[in-house]
Amino acid sequence: MSMNTQGRPTGVGTAGTSASGSALLPDEPLLFEIGDNEHSGVDLPDVDLATDRLGGFARKSKLDLAGLTEPEAMRHYVRLSRLNHSIDSGMYPLGSCTMKHNPRLNEKMARLPGFADIHPLQPVSTVQGALELMNQLSHWLMTLTNTAAVALSPKAGAHGELLGMMAIKAAQEAKGEAHRKIVLVPESAHGTNPATAAFLGYSVKPIPARDDGTVDVQAVKNALSSDVAAIMLTNPNTCGLFEPQVIEIAQAVHDAGAFFYCDGANFNAIMGVVRPGDLGIDAMHINLHKTFSTPHGGGGPGAGPVVLSEALAPFAPVPFVRKGKDGLEMVEHIEGEALGRVTAFHGQMGMYVRALTYMLSHGADGLAQAAEDAVLNANYVKAKLEHLFSVPFPDYPTMHEALFDDSFLKGTDISTLDFAKALIDEGFHPMTMYFPLVVHGAMLIEPTESESKQTLDHFCEVMAELANDAKAGNKERFTGAPMKAPRRRLDETRAARQPILKWERPADLPKAAE
Amino acid sequence: MTTKFTPDHEYIRIEGTTGVVGITNYAQEQLGDIVFVELPSVGKVLKKGDEAAVVESVKAASEIYAPVSGTVTEVNDALTGEPGLVNNDPENGGWMFKIAIDDAGELDKLLDDAGYADLTK
Amino acid sequence: MRYLPHSDHERAEMLGVIGASDIDALFSAVPKSALKNFELDLPDHSPEFLVEAHMRALANQNHAAGDGPFFVGAGAYRHHVPATVDHLIQRSEWLTAYTPYQPEISQGTLQMLFEFQTQVAKITGMDVANASLYDGSTGTAEAVLMARRLTRRNKVVLSGGLHPHYRDVVRAYLKDDPHLECLSPSPEGQGDILDHIDADTAAIVIQTPDFYGHLRNVEAAAKAAHDQGALLIVVITEVVSLGLLEAPGALGADIVVAEGQSIGNALNFGGPYLGLMATKKEFIRQMPGRLCGETVDADGNRGFVLTLSTREQHIRREKATSNICTNSGLCALAFSIHMGLLGEAGFVRLARLNHFNAIRLANALDGVPGVTVLNKTFFNEMTIRVTQPATALVERLAQRGILAGVPASRLLPGDPEVENLIILAATELTTEGDIAALCAALTEELA
């Protein structure tokens, strides 16, 4: 494989020229093309290390890092930032991703020195406020879900899912039922579900979707046996529908001696309105970044606390907080069947602060209102667009997402991808495409509760206009899109066939310092 | 020289007691640009239907199954540097591996030219 | 409610467009018994100033690192983060952007990740780095699984110098796996891992500087592992050390995992942190996590995309290299900006200053009666043996306003060998006054 020796695809960019054609969006060269190994934006004293304690392991190889002074760095990262779409600048109708407003109070609170500048291993007596915060967050999560316990530490949704399934595995083993090696996963599931089950050594048995987009309790019953450890079910499901038979499914799963793992990715649609514990779930992760609006940050960090039923509570991992005789204690070790530790330290404290701030701001009434508004907005988009787009599952009102398929594009020679890319030229992020997999050419739209009626009306007008244009045969608008973004479509085949994964100094570009 | 096909779009070109395996032109069109091919190791013993190789396009990964039982005798190392051969020349330069056929009888159960053409109509 | 744009009038109008009588009609698929059939023991919405007061009250109950002399490390380190870093990562376009799956409108994040991958590859001396993982501990577990896939062998040996939490995470990921060998804690820097490598070994995992601060011989470990066809995984919890210590890649490491928190990221009571992973180019396809690569757009202009994504769960589902579906994007950004500000000159100076202060600390501790410094070698962290159980001593020092380090028994409870050990770190923020205050207090407490 060639890393970057095949020559650069284009010459080194020059600040000030713009591929996007916008004077305010100049192309920005790479850090390594503008910085060098002498510039630095940090003033540090140089010290005399006449003797060291490195035992002969001192660095001999070159670092070759690039540095920038503060004004240069500011400009580099501000210019780069402007090549990004963001919630603050425009809508993300991204189904299953829940791109809602990120209140800035949350950021301010997370930066209080009493939260940001405390060490996970300083004496527990010196961090009682942090433990109390974890306690309060746990109370909110358990109350909203009506569950018996919560494990806060998972680093993200998929990590929480892993932990939840580990707890189920440990519980089955404790029951003497380690032979249960099958996990049921509906076909419409998020890809992490089968990946998690397989990771833990389970074989995955898919449950086919019904024509109406929901899971059939009879299909689950047929698949259940004494070899099934658990079902992994997303509710509301990935088609944006609430599973109407979820209570019967939970009952059947429990009757068969299996556990019900609920993928809580879509909890934002029902928070304060439905408690998953009332539906019979045993474990559910909650994506704090989706439901409780910790910022997405261009791809993390997330946080994925897992609520657990009475049956699974004994299998929670460390650490957890409990009341002791001298205040709150952090339990960091327990012997026995519990599954130990899934991350160093105590999880995503910075996200706990943001999520609790968000919860306190909304209150129970505000969270329920947010869920209802999210559902209202999705149904509104669906109602405004269903005469032009094709709805694969019209039988139920949708929850927080409106799902369309690509049959409205039949005969136009325009793909779902082309259609979505055309949205970019209208100032919107594309909707989720080709997911869930059970729908052909799926377009999954999640407005979230943060969008005003005015924005939704504008979005629907744009969508309608695009649909009409597609049907009228104006193909170029779609297949060539986007035209107005900082970049046109990128050559992903080239990127994958000859991966260039880091910058390497071109042979004709000497080190700036030399 | 005879070529047989599986319903999963693998072909096997029979050269004496050896079969040359790859994916059909129809399959490569469906998959789009191939960016990586994971080949079996030489000497690997495969049963008919075993996962033998994986082809990856930008957005999908697809398993290639052994059309018959046998032992891998040679793999097409050219695909490592140039996976696009599977797109450009699937049935010649884009072959994936050669297999010493255990039981020629298994070939009878595969599709012939006409049968495969029917399948992809 | 200040975050919800609709007025009641608008809500009614929208329900009219939908043709629903009321909002509950949209929840008709929910079983009646489960819909709003409860009272929640939670408060109602609250104005910003009251929420802030509530949170400040909690924060004020904590002793912040900046409140007094501070020597706590053991896998998370207090360093100065330039104001520019925190300002920039709070810009809307970084903070509130989604994962860059639509590259045309995500070039900022993507170019940053490409620069980040380059920085990580350079400091570790490896061919390639991914776009980050959750943290160092989960990264270590992922590296172990990766090594098993690469070698198709099962046995994995963890050094006694590996951070005990990292060891515990690997144990949880490999629950009950008889092929996992965890060597006894080695507070004196003793190492016998080389004797545990055999022809079934997929990988050995060593940490340097190790949990107790000792520097380990990466080159010897690499040679011993490679002689048996095994891989060497090197774990680094203090990434600043790479400014002064030889890159593991130059010494033969196959996979390097590091906790990147020290650069650009606050202590945050343990998270969010930043997992770094780097490897050799021939192992890329078995490396978990997102990768950003360079390509061109339809007009031939340079651009960046997430690539090799077929390794990931959303495509491979049950055949993915890992179930993870996120990186630590914003933490990686903070790392990359801080590293960009430091540059080579600043990064080396930062490392030298850390080592310099640690030497001062070691020399001062050596002079305290009842204290023995166990380290011959260290970077910015060391272990001392005291004449009393460490936990109570550290607690008493905390009551005096000095956060004196981590009692080893906090992470290794019940092990009498470590009961009197404290692990202490010095960074660029450690002053002579801090060291003097610590030593004076220790002298009194141990008298």
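Every chain is named by a letter (A, B and C) in the order it is written, and numbering of its residues begins at 1.
FYI, a contact is a pair of C-beta atoms (placed from the backbone, for glycine too) under 8 Å apart; a residue touches a chain by one contact, two chains touch by 3 or more.
Keep in mind that this is a model prediction, so the values were computed, not measured.
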Check your understanding: Any idea whether B-C or A-B has more C-beta pairs in contact?
Key -> B-C
Check your understanding: Looking at mean CA positions, which chain is nearest the middle of everything shown?
Key -> A
**Study point:** Rounded Å distance, subunit A centre to subunit C centre (Cα mean)
**Key:** 19
Practice item. Report, in whole Å, the distance between the mean C-alpha point of subunit B and the mean C-alpha point of subunit C. Key: 44
**Study point:** subunit A and subunit B: spacing of chain centres that average the CA atoms, whole Å
**Key:** 37
Practice item. Give me the residues of subunit A that touch two or more other chains. Key: 492, 496
Review point. Taking each residue of subunit C in turn, which ones touch at least two of the other chains?
Key: 308, 315-316, 319
**Study point:** Contacts with two or more other chains, residues of subunit B listed in rising order
**Key:** 35-36, 56, 58
Exercise for review: Provide the residue numbers of subunit C that touch subunit B in the complex, in ascending order.
Suggested key: 285, 308-310, 315-316, 319
Practice item. Please give the residue numbers of subunit A that touch subunit B in the complex, ascending. Key: 492-493, 496-497
Exercise for review: Spell out the part of subunit B that touches subunit A in their complex, as residue ranges.
Suggested key: 33, 35-36, 56, 58, 83-84
Practice item. Would you mind writing out the residues of subunit B in touch with subunit C in their complex? Key: 35-36, 38, 56-61
